[in-house]
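I'd like to ask some things about the structure below.
When the chains are written out, they are named A, B, C, D and E in that same order, and each has its own residue count from 1.
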Amino acid sequence: MTEVQLRSVAKRFGDEVAIEALDLRIPDGELVALLGPSGCGKTTTLRMISGLETPSAGQILFEGRDVSGVSVQERNVGMVFQRYALFPHMTVEKNVAFGLSIRGLPKSEIAERVAEILGVVQLSEYRKRFPSQLSGGQMQRVAIARTLITEPDVLMMDEPLANLDTGLRGEMRRFIRELQQRLGITTIFVTHDQVEAMELADRVAVIFDGRLAQYGAPDRLYRKPASLNVARFLGATNLVPGRLRDPDLVDTPLGTLVCPWRQGQTGDAVHVMARSELIDIGTERTAPTDIEGRIIAREFFGATVSYSVACQNTHVNVTEQARRMLELGAPVWLKLAPEHMWIIPE
Amino acid sequence: MTEVQLRSVAKRFGDEVAIEALDLRIPDGELVALLGPSGCGKTTTLRMISGLETPSAGQILFEGRDVSGVSVQERNVGMVFQRYALFPHMTVEKNVAFGLSIRGLPKSEIAERVAEILGVVQLSEYRKRFPSQLSGGQMQRVAIARTLITEPDVLMMDEPLANLDTGLRGEMRRFIRELQQRLGITTIFVTHDQVEAMELADRVAVIFDGRLAQYGAPDRLYRKPASLNVARFLGATNLVPGRLRDPDLVDTPLGTLVCPWRQGQTGDAVHVMARSELIDIGTERTAPTDIEGRIIAREFFGATVSYSVACQNTHVNVTEQARRMLELGAPVWLKLAPEHMWIIPE
Amino acid sequence: QDAAAFRDAFLAGETGWPAVEARARDEGEVNFYYWGGSDLLNVWVDSMAVPALATKGVTLNPIRITSTKDVVDVILAEKAAGKRLGDGSVDVLWVNGENFATLKVQDGLFGSFAQLLPTSANIEWNAEDPRSLLNLRDFGVETGGAEMPWSGEQYVCAYNGDTVEEDALPATFDQLKAYLTENPGRFTYVKPPHYLGNTFVQQAVYAFNPDGTGAEPFQQNRDDIAPEELARLIAPGLEYLKSLEPLLLNGSDSGARYPEDPAAIDGMFLNGEVDFNCKFGIYAVSTGLSTGTYPEAAREFIFPEKGMIKNKNYLAIPANAPNPAAALVLVDWMTTVDAQATKLEATGFPAGIDGWTLELSDRAALESASPGLIALTEEDLEANAVPDTNATLVDVIEAVWLDYIERDSTEGIEALVQRAYETLGQ
Amino acid sequence: MPPTTSPDARARLWRAAQLAPVLSVLVLLFGGALVLALAQSLGFAPWFGVNTFPDPSYFGSLWGSADFWVSLGLTLAYALAATGLALILGTALALALVRAFRGQRLYKYIYKLPLMIPYTVGIALAVLMLGNGGMVSRLAAFVGLIDSPGEFPRILNTHYGWGIIAVYVWKQTPFVALSVYAVLLGIGRDTSEAAAILGANRRQIFWRVTLPQILPGIVSAALICFAFNVGAFEAPFILGGGYPDTLPVVAWRYFNDADYTLQIQGMAVVVSIALVAGLILFAWLALYRWQERRMGRR
Amino acid sequence: MFLIAGFILGPFLPLIIQSFAFRWAWPDLLPGTWWLEQREKSPIPLAWDYVLSPYSRIWEATLNTVLIGGIVTAICLAICLPAAKVLARDRFRGKSLLEFGLSLPLIVPETAIGIALLMMFIRLGLAGTYTGIIIAHLIPTIPYMIRMLTSVWQGLGREFEEQAMILGASRWQVLRLVTLPMLMPGVVAGALFSFLVSTNIFLLTFLLGQGKIVTLPTLLFSKISGGQIDATGAGIALIVTVPGIAMLLISERFLREEAFGQGFGN
């Protein structure tokens, strides 16, 4: 249960800069997701926190104390690797016991704690199996159990769900979330899947090219991205360029939209974000601000349907739950509620 | 442009039965997805259609003609392998040209057609690269181009998207769909991801353990699964056991639900499926059939929110678009519309 | 006592034999290097020599080698590396001819010990007696007591009675050539520089000596004979060998085949590929029959008449022997009547000691140990015996053979001799 | 570790420490031997009382003689022929082994046998089988083809080197097969199946898809075999056709000559062999690197 | 396939026959006289009697071969493990030079090394000693071992070791509990190969052993150097194949071809 802080941490590999400068405070007991595209430096950040890599500059503090002189073994952190890194020559039991047995704990105590944690991850009956005899989700849980048994102060997970099936992934997300809440352990979770980050984290740190792009609660990031890049990365599809007019008005190719804005000045170039699932679509005009369009494509995803609507000179994507199906080519009216739009400065 | 038909096809490897008996008709020009869990026999089915494997029993017909005597080379099928199987020692260009050059086409014609297809898959500028210098999505597209250039009658793809990032996957899905529609080529597509199958296919064949579990249009499978297994595999979360009462009534732990049923008899044990996104949730009772509950968990997925609602003795999951957030612990009313429920016989 | 001091005292005759034996016991072991190509000899060394030395408190380490040259290399390399008496690795080696000459020239020998051994009484040392020649000279090189005779041998040929009529047997080189003209490819000899090959070449050289003096001029040291003279003497013999080449085994097609090793000829002889098998081995036919390596119809015959080289081989102690006293004890035991008789019986290697110096009973023991000659008599052999060529000339003849016959050099024999003189003289 | 050392320096030190044992064997023994051989071949041999270093005359007289080139030619010819044959047979064997067939397990045992057995045994077998008095010759006599061993075509001890080549092939085919087999397993069936679907027939699949992929493996196995063959002594010594001999045998003869100055000449031969072998390796590595870089593997 | 089996196994038949023969002259397909017929009459051990007796030195040679092979393998493994790790994982200047150097012994003929080493060893007093032979055998075995181990190290991601470290294991514990067990297939393959190479070496042993150290290949060589094989030679040749057959059985049991051949696939 430790607060972790990074102060202007940088990392270079030879000439290559992996992390430019990262400032990040991970509060005690929270689950923070590091979100970013491949190669942005997520893994490198975890490795520096764990001590496997030494920062080229800056400091890493645990509970306010600089840990640069502390070896990997002594940092008391836990890390679940992307491909689990289960020891293939050991059974589940042995894998989980590893951290304790090298500490020379008495056999009986080890057995007890292994049994306990295997109960927690629901793998008691698999304890004699070898990793190659397990499914992805089971390996995942073994990796977590192996890490948790040493009672680390900080738990790190490097894209733990990247290799799982969609179904399993949801299940494991819930499992991890629940466990983390139960144990209250400071957790840093790496992913490049925004849905994962949203679902799991107390806070999300979005990293682009070794720099922190935004850091905050998931719904804030989702609704109020600080930049176009963050918005795009978080899957925003309708990003319409515009120009601020009078207070609360923005000129866009869709026409002049009503949308409150606080920063910036009249005349500034901005983008207006309207998330596809927050746009209402109807077959009749119900308000004067409704925008006319025509459905030009439709995709069915099971639970949801996504429409591509041509409005004036631009396209708008609208997603709704798949209770009805609008026909291709049908004329439709879109409602963009002011509270569901967000202005992103250029 | 060929209709493919499988007639009681079976395949055994030694003692192991990979395919028990498969009957499947893939209409000319359609895109059919083979969907099923790992090891169910999807790859084996493709391999038999392509001629790489000989069925242990049954027949495979192309346009009604048995192809058992036709060699792989002469079947004129195309196959995109799971791991692409690009020739590592050839450039993109050479890979794509392979199918033509072994047919001994004149150089100039090959060059022309390669240039054309590389344009289609948007890889013209990568033509001198080797596969190891490409990203996953690019390799994917090379594999597709290499297959398409030979103008196969039947195109098969074995989990072509399994190794791609979430973002890329969506993009490639759209690409494949568009291409298939444009060329109108009979396509068989293997996946174990239901969303993929739903999005892409004209029809989906769900296979469990070497047997066809259901075959039909995606929305039919999604809304009206033939069995509990299919329903579960397609991600149905609310599967409530029940017993048929009078016509249109089912007794369940949620109370007696109004739900039309046509097969079965009064007293039969069934499951009622109510997809989480098709349940309306409200904070007030608006109809006598509304079911009372209490939110016990909430998950935020960005675009959607998922609630776990405790009702009587059971849990119901409800998903809705994330326009509002209901509080944990709040009492709610669920509306289960008869037309959104589906009865699955035991 | 320091090894060098022991040597000096022993060679000065100041050390009694019991003292040598006592020192040998202290040294405890002795490394005996010998050509290990004969199973019979290997068995004899292991079963007779080792136990005998053990009774003297010395462990005999028999080290089997494939080429004596290798041991000479070791000795000289160790010497060059500064290993003195007591430091080296070779105590006793089985040697003769060129290798002995090399060791002698390179100062690689222990010293004149032979006549100081108790068993030296079994050897004829009297220079007046012509029978002492092979004890005093090894390939014409004076042994100087630096090596002790161990076996005596003579170059004898055998024929296969199944394929050769007795009256067709050649007795001279010319007859051999005539025979081979009739039966091409039915003979070959071991390739020089193997000593068996060298010996065959020498015999041919003797036979065609233009002066008709046979072996006589070849007893001189290289320094005493001018290259031109030597060239004149050996030229006819080499010419003959050259003319013989197309008639030898395989000579008609890809070029005559000269095997590296007598074992190869044994095999060909057994399989009937060649009709004659010539090598040092007075009793070779007897032993060959008893081991199955000779055809059952194998017989010995005289070839070439008045030109069958006879020599001895010896045991020498190198200058840097690690266990000099034990080496002396070993050589001494090897020259006992008992050792000689058992060796003769077990291996068919004729005795190196001289029968006439022995007491009657010993002489009888030696005679009864002999496996017996097949188709020849002692007298026949003795009557046709000739001595070896001087080792320093062997080098020259060997080099000329390699150039003239093997490499088909077009230079004249005289030029080749001249060049051999130069390189060898460096 | 003192805290003043930078992590980089520490890593370098640790790396050096890990490489040290192997390097010391390599540099001291192998490198030492090579340097010594070179020095000796240039006239540095004080232990024979010769020291005219640097004296290129040994190389001069060696390379100046036609015999040397004939020997080199023979050496390379035997090595090349044997390597080529082993390559073809080994590759064919490997290709056969990746297919499932009855008795596969047994064959997997059998084919590796020669790999496990010293060359000397192979030589012994060649002598017994192929010699003029050998088994094949006897069978020929048995069926009445020949009447005396001399009529049997000479296989051993000729300058055609059939015997030598036979032994090399016997011993190295399994080695090539093993290497190629491992590579074949590594590349899997995917690409050849893809090619089949694209319409390639068996021959086209082999030449255009399989072979290019296993080629690096084949070539490196071939290189090892070839280099071994160039330097091998036993087989050409026992089964060779006599003068002119292959280079290693020539070196051996020089070393066994009573004339010590010839040992230096022998060193020049040895160094020449090493030179030839080194050149071949270097050329191969350069080619391989180039190819790898071209394909973006490194 | 049949042909291949014949090509590989066929020649052993005459070898076996020869080892039981007393006199086997051309053109007999079977020996005219068998060893057993002559066994009683002969004053000295013939054929198998000789081969299996101490006189033949076969036991000494077998022991030496196995002993030297074992020690060479152990040393080779110990010194190659860390080096292979560096080669597999680190990038540094001079690496390709190092790799070149490490493959050189595969290429530079034994003749060259052996003859050059001999002078060095005689001076150092290593000639004819076990130490000398073992050191010399390291040269040809190292490249094989390095190749095998490098390929397993390459296959072994760092994450396993790092995971162990994070779990608190010291360097030594990591090596003992994680790294070594995971490298096992490569270690076994490398060990097998270097044992094989060592037990196959003739010339180095022959030159540097100076006849004092007899191994199976040198023993057999001295028997067949004349190009002729008698019964004892055949018997010895058969015994010389025994360790190879043992290795074959072991190798089939403990590893798959993949691991065995991996080092040569590049």
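To be clear about the criterion, a residue touches a chain if its C-beta (ideal position, glycine included) is under 8 Å from a C-beta of that chain, and two chains touch if they have at least 3 such contacts.
Quick caveat, the model's predicted, so the values are computed rather than measured.
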Interchain contact steps from subunit B to subunit D (minimum; 1 if touching): 1
Any chain that touches subunit E and subunit C: D
Touch-network distance, subunit B to subunit E, counted in steps: 2
Pair exhibiting more inter-chain C-beta contacts, A-E or D-E: D-E
Chain whose Cα centroid lies at the greatest distance from that of subunit A: C
Chain centre separation in whole Å, for subunit B relative to subunit A (CA means): 26
Inter-chain centre distance, subunit D versus subunit E - centres from mean C-alpha coordinates, in Å: 16
Length of the line joining the C-alpha centres of subunit C and subunit D, rounded to whole Å: 38
Distance from subunit C to subunit B - Cα centre to Cα centre, in angstrom: 91
Touching two or more other chains - residues of subunit B: none
Numbers and ranges of subunit D residues touching at least 2 other chains: 47, 131, 133, 149, 157, 237-238, 255
Residue numbers of subunit E (touch at least two other chains): 25-26, 119, 123, 221, 225-229
Every chain pair in contact, whichever chains are involved: A-B, A-E, B-D, C-D, C-E, D-E
Subunit A partner contacts - residues on subunit E that touch it in the complex: 157, 159-160, 162-170, 173, 177-178, 181-182, 184
Subunit D - residues contacting subunit C, complex: 46-48, 67, 131-133, 148-150, 154, 157-160, 237-238, 241-243, 255-259, 261
Subunit E-facing residues of subunit C, complex: 31, 33, 36-37, 39-40, 42-43, 46-47, 61, 63-66, 70-71, 74, 77-78, 81, 89, 259-264, 266-267, 270-273, 290-293, 295-296, 345-346
Interfacial residue positions of subunit C with respect to subunit D in the complex: 67, 69-70, 73, 77, 80-81, 98-99, 102, 185-186, 191, 193, 249-250, 253-255, 257-258, 260, 267-268, 270-273, 395, 402, 406-407, 423-424, 426
Subunit D - residues contacting subunit E, complex: 12, 15, 17-19, 21-23, 25-26, 29-30, 32-34, 36-37, 40, 47, 89, 93, 96, 101, 103, 107-121, 123-129, 131, 133-135, 137-139, 141-142, 149, 156-157, 170, 174, 178-183, 185-186, 216-217, 220-221, 223-224, 227-228, 230-234, 237-239, 248, 251-252, 255, 266-267, 270-271, 273-274, 277-278, 280-282, 285, 289
